[in-house]
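The structure follows.
For reference, chains read A, B, C and D in written order, and residue numbers begin at 1 within each chain.
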Amino acid sequence: MIRTRCEVLSNRRTGAYHSLTLVAPDIADRAKPGQFVQIAVPEGRETLLRRPFSIHQASRRGGWAGTLEIVLDARGRGTAWLAEARTHDVLDVIGPLGRGFSYAADLGSCLLVGGGYGGAPLFFLAEELRARNKLVGMILGARDHERVFKPIEGKRLADTMVITTEDGTMGERGRVTDVLDATLARTGAQVVYACGPNAMLRAVAERCAVRGIPCQVAVEELMACGLGVCWTCAVPVVGRDGRGWWNMRACVEGPVFNGSRIWWDRWLGERPAEPASSAPEPERIHRPEAAEVRP
Amino acid sequence: MIRTRCEVLSNRRTGAYHSLTLVAPDIADRAKPGQFVQIAVPEGRETLLRRPFSIHQASRRGGWAGTLEIVLDARGRGTAWLAEARTHDVLDVIGPLGRGFSYAADLGSCLLVGGGYGGAPLFFLAEELRARNKLVGMILGARDHERVFKPIEGKRLADTMVITTEDGTMGERGRVTDVLDATLARTGAQVVYACGPNAMLRAVAERCAVRGIPCQVAVEELMACGLGVCWTCAVPVVGRDGRGWWNMRACVEGPVFNGSRIWWDRWLGERPAEPASSAPEPERIHRPEAAEVRP
Amino acid sequence: MNGEPDLGASLAVGLNGVSFPTPVLAASGCFNSGREMAGIVDLHRIGGVVTKSVTLHPTKGLPVPRMAETPSGMLNAIGLQNPGVEGFLQKEGPFIGAAGIPVVVSIAGRSVEEFSQVTLRIRDLPGVVAIEANISCPNVERRNQVFACHPGDAAEVIGAMSRLTRLPIFAKLTADVTDIVAVAEACVRAGAHGLSLINTLLGMAIDTETFRPRLGAVTGGLSGPAIRPVAVRCVYQVAQALPDVPIIGMGGIRSPNDAVEFLLAGAWAVQVGTANFFDPGVMIDIGEGIRRFLNARGLSSPADIRGKARLPDRVAEPAYRRG
Amino acid sequence: MNGEPDLGASLAVGLNGVSFPTPVLAASGCFNSGREMAGIVDLHRIGGVVTKSVTLHPTKGLPVPRMAETPSGMLNAIGLQNPGVEGFLQKEGPFIGAAGIPVVVSIAGRSVEEFSQVTLRIRDLPGVVAIEANISCPNVERRNQVFACHPGDAAEVIGAMSRLTRLPIFAKLTADVTDIVAVAEACVRAGAHGLSLINTLLGMAIDTETFRPRLGAVTGGLSGPAIRPVAVRCVYQVAQALPDVPIIGMGGIRSPNDAVEFLLAGAWAVQVGTANFFDPGVMIDIGEGIRRFLNARGLSSPADIRGKARLPDRVAEPAYRRG
């Protein structure tokens, strides 16, 4: 992990999002799909903490060599400030952070499922998968067409592409999960990689579990440090044997987890505040019979 | 008092200072020399409070009609931010605030003594005095020539001008008080108006008291509100008869006070924290025999 | 609704008998009695004013510096400068009587006797709808321990005051205690009509250039957004324990959302202090923001969201709350 | 100077027998044991690490959300997630033994017995120079009252621990008490070698969209620059009462000036917590900044400014400190 001051090369709109290209050769060199960076907000503001963003592209060759691209949805104070970044501004960035997606040599057909800006890291992943001669199918879903992330580029990059929007303004009306089964069947995908809202990840992971297809999900949880030292980014993960669980740190043990190992109910449920030791432990949660891709 | 969002017309360097011209017709209309404005720092910063600045110019006529000029010394976070203001930026300004300098019809010869950026409000005052056909002498002092406020313009505006710098880089080497007696004698000034560091104001006021010359000082004290409601801006002022004292609010009863009525020792002294009621009260502090100009 | 069809929700709140046109009042010491602010704020659009605390005798206050800005907050040590109750009646009385807005007089003192004396002089002042007892004051009869730090001392003041007047009394508590609920309960048992939470936190700052405390009085009270989480927690704790007692919440409020946060935690109304200094119109904006918030949810009154924070099913006590 | 002629002042500090190469340590829960940060921070340039608090049994911690950003601060409710003392020894022990920097192990527990058990397992771990007793924990034997809130309970823990080890024990106190000096004195009488001040303030925040508390555990600990004035005040109060007892100050430190403020108030060393999250190199910068501060004044050691705040001639107690 590297801390560096990066110049902003460009800040462009991509539909509803902002796409920031940063000059960060050392981070770009090491980055893997699914990893993220932590960007500092300026001093003197009352927002202290860095903001985490997935790596959309890390260019190591060609005209953009040494650059890193992130995509952001301006929603709160930090992202609103970042959305105003101008060429030549300098940002304080730490990365690459976390564990990215992993590839199994024997799984040749992949399906990438992205919700909203969650599509961003999947583009980087798609390139890496294609470089490994995998078949890449893609589903991109969003609320509306403005939030479907780079549909044109996606179509060029993926072998097959399905788009869904909740309001029907692009592709099929509905959610990614409405087309998931059919797309899995059609593409014969052997592994699913997903990034998007946590509720979507849960739905995708549960469907994959039912079908016995391994599924890697890149999650979002609040992160105070992003460096593995504060334990705010807890995701409850069940043991390999389906028994026992522990809170894993999304920032170092994630953000990519095996979707079948997350105890979704506890994580995204009513979030009861009780002494963890007395919490009922899952007897056994569903998990794919297929070979484990990563814990 | 008016609260308004003002456009920045220009931000120029004036020696060591920044001179900001704001489009603020309503405030400019009402402003009097010695009054000040409170400028908000932007939201989302950890510096919450407005910053007070004297009014350097309030143009009601001519090409600059409706503008207000302030002069600032960039020292802390708020002033550093303000020093970066650009043309067309919009500032949230409240003013005019406080009681300015007052004029006595029978006192025809005035001496204006400014230290550092404390010279700024005296230019506005000088114009008003000249419009009332008074003789205007001026002493401008500072640490070095960079901090002598607008010496050329001052010379044009005043009937007589003396400049002092502590390092001798402009005018006479020394402090304003080193030349005060001689200048008073030479100009025959009947009243002194001073603005600058509080220690300078004290020295000037004490000298004037000894000579029996009325002296108005525009003070600086920390101000949380500037509106008269918080009582942070306390200046201990002694009763007219030299007995008894009370803490006056620099923001509404000041910032201009009769220099002979301030209990300087208590205000600028070791500042003992004790129950005010048990503090020794001044038996009688020196005050000019001359007619009181203002309480 | 009721006569305000265009505006939607009504902002009026009733605190078991005391009513305010909006739930957003000016906090003591941050608005004086409203006179100075009347030129820049339309007082008829705020909920009311809590006056600067009045003491029996004229009080000159503490030496400067009296304030220090801190991250998202400020420290103050004014020392309750005020002209004493007689001076107050003379200077502020006529304004309060004529202002046509609800005024709560804040009373401070160094002994039970002083609180009582001031109560006697204030109780018949026209325009006054309630008294706030600023008991975050040192008690000279108890080695200068702050009244609000000890349930017994706090109750003694409130008991004495409530025997002297039928005006509702709000006890203003400090968060600098081990158990704020215990103090709150003692005040209510002693006759407090309601509670104002919280006063400033005791703090200090030192100038690293001069090595001097940034406040003339060395320590002072911390206010502003920095303390909001502590204030919300206090309101929540006390509201959970005393759901029927009117609570006026404060501490770092500067936006409609901040105010809503206090209402959700259990406050019946709020006060705004420090934010008036940098944004004098803020109380009106907060009121209108609350109205929009209610309208957007089809609610008709601030009371509809009072204490409505949705707690997790089980909140077990033994969990480590910090770290 | 001694051997560092080029650098000027030496940063080394001695705390009555425990020494640290610089007065700037990592605060518990904000640096783990240093392993994760070693890749980005040169650990040999900081004063030492206080580990995440260790409990007897593995502790899974509280449900998410575990943090909420607040103005100039943050709330956390992690619930002391840790692998328990055995897991700790296994996972962190080798690193601590080999790190070559002073490590203070923070211990937490729900009963005196738990604190004692962990002390027994930790006391011989190589690399450990001291123990910090995180007594801002609920005491299951006393209706979950926080140990550090009651001088007696606090003293009981410290007494039991200090009978089991010759490692110096620092009692870590909370500011959420009526009288922090009383708790400090009780800990020192019970055998605490020094005091760590302060833990987070208890706070709460509510999401006005969902009406839910922003923390899964409802309430949590407030840290960061927002609380600095409260922390400086606590250090000052305790240092005035116990000038010979080593104090490690913390709460919102993120710059050399902040650290100097604590030293002037009476701290012998400082810890940095939250600031590591946004500025991982901050402890080194603070150390170097302190050195520059000392050099500029011709001073040779942080001890030269300890407790050197210049107080006004007379600080009378009865003054109203707030408002």
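Just so it is clear, contacts are C-beta pairs under 8 Å (C-beta built on N, C-alpha and C of every residue); 3 or more make two chains touch, one makes a residue touch a chain.
Computed from a predicted structure; not experimentally measured.
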Common contacts of chain B and chain D? A, C
Which of A-C and A-D has more C-beta contact pairs: A-D
Taking each chain's centre as the mean of its Cα atoms, which chain lies farthest from chain A? B
Whole-angstrom distance, CA centroid of chain A to CA centroid of chain B, is 59
Whole-Å gap separating chain C and chain D, where each centre is the average of the chain's CA atoms: 32
Taking each chain's centre as the mean position of its Cα atoms, how many Å separate chain A from chain D? 35
Chain A and chain C, separation of their C-alpha mean positions in angstrom: 46
Can you list the chain C residues in contact with two or more other chains? 29, 52, 59, 62-63, 71-73, 76-79, 216-218, 224-225, 312, 315, 318-319
Touching two or more other chains - residues of chain A: 46-47, 271-273, 275
Using the definition of touching given at the top, classify the network of chains in this structure as line, ring, star, complete or other. complete
What does chain B use to touch chain D in their complex? 46, 270-276, 278
Interfacial residue positions of chain C with respect to chain B in the complex: 29-32, 36-37, 39-40, 52, 57, 59-69, 71-74, 76-79, 81, 216-218, 224-225, 274, 276-281
Could you pull out which chain D residues touch chain C in their complex? 28-29, 52-53, 59, 62-63, 70-73, 75-80, 108, 110, 134, 136-138, 140, 144, 149-150, 174, 176-179, 199-206, 208, 210-213, 216-222, 224-230, 232-233, 236, 252, 257, 260-261, 264-265, 293, 305, 308-312, 315, 317-323
Contact residues on chain B for chain A in the complex? 44-47, 77
Taking the touch rule as given, give the residues of chain D at its contact with chain B in the complex, in rising order. 71-72, 225, 312-316, 318-319
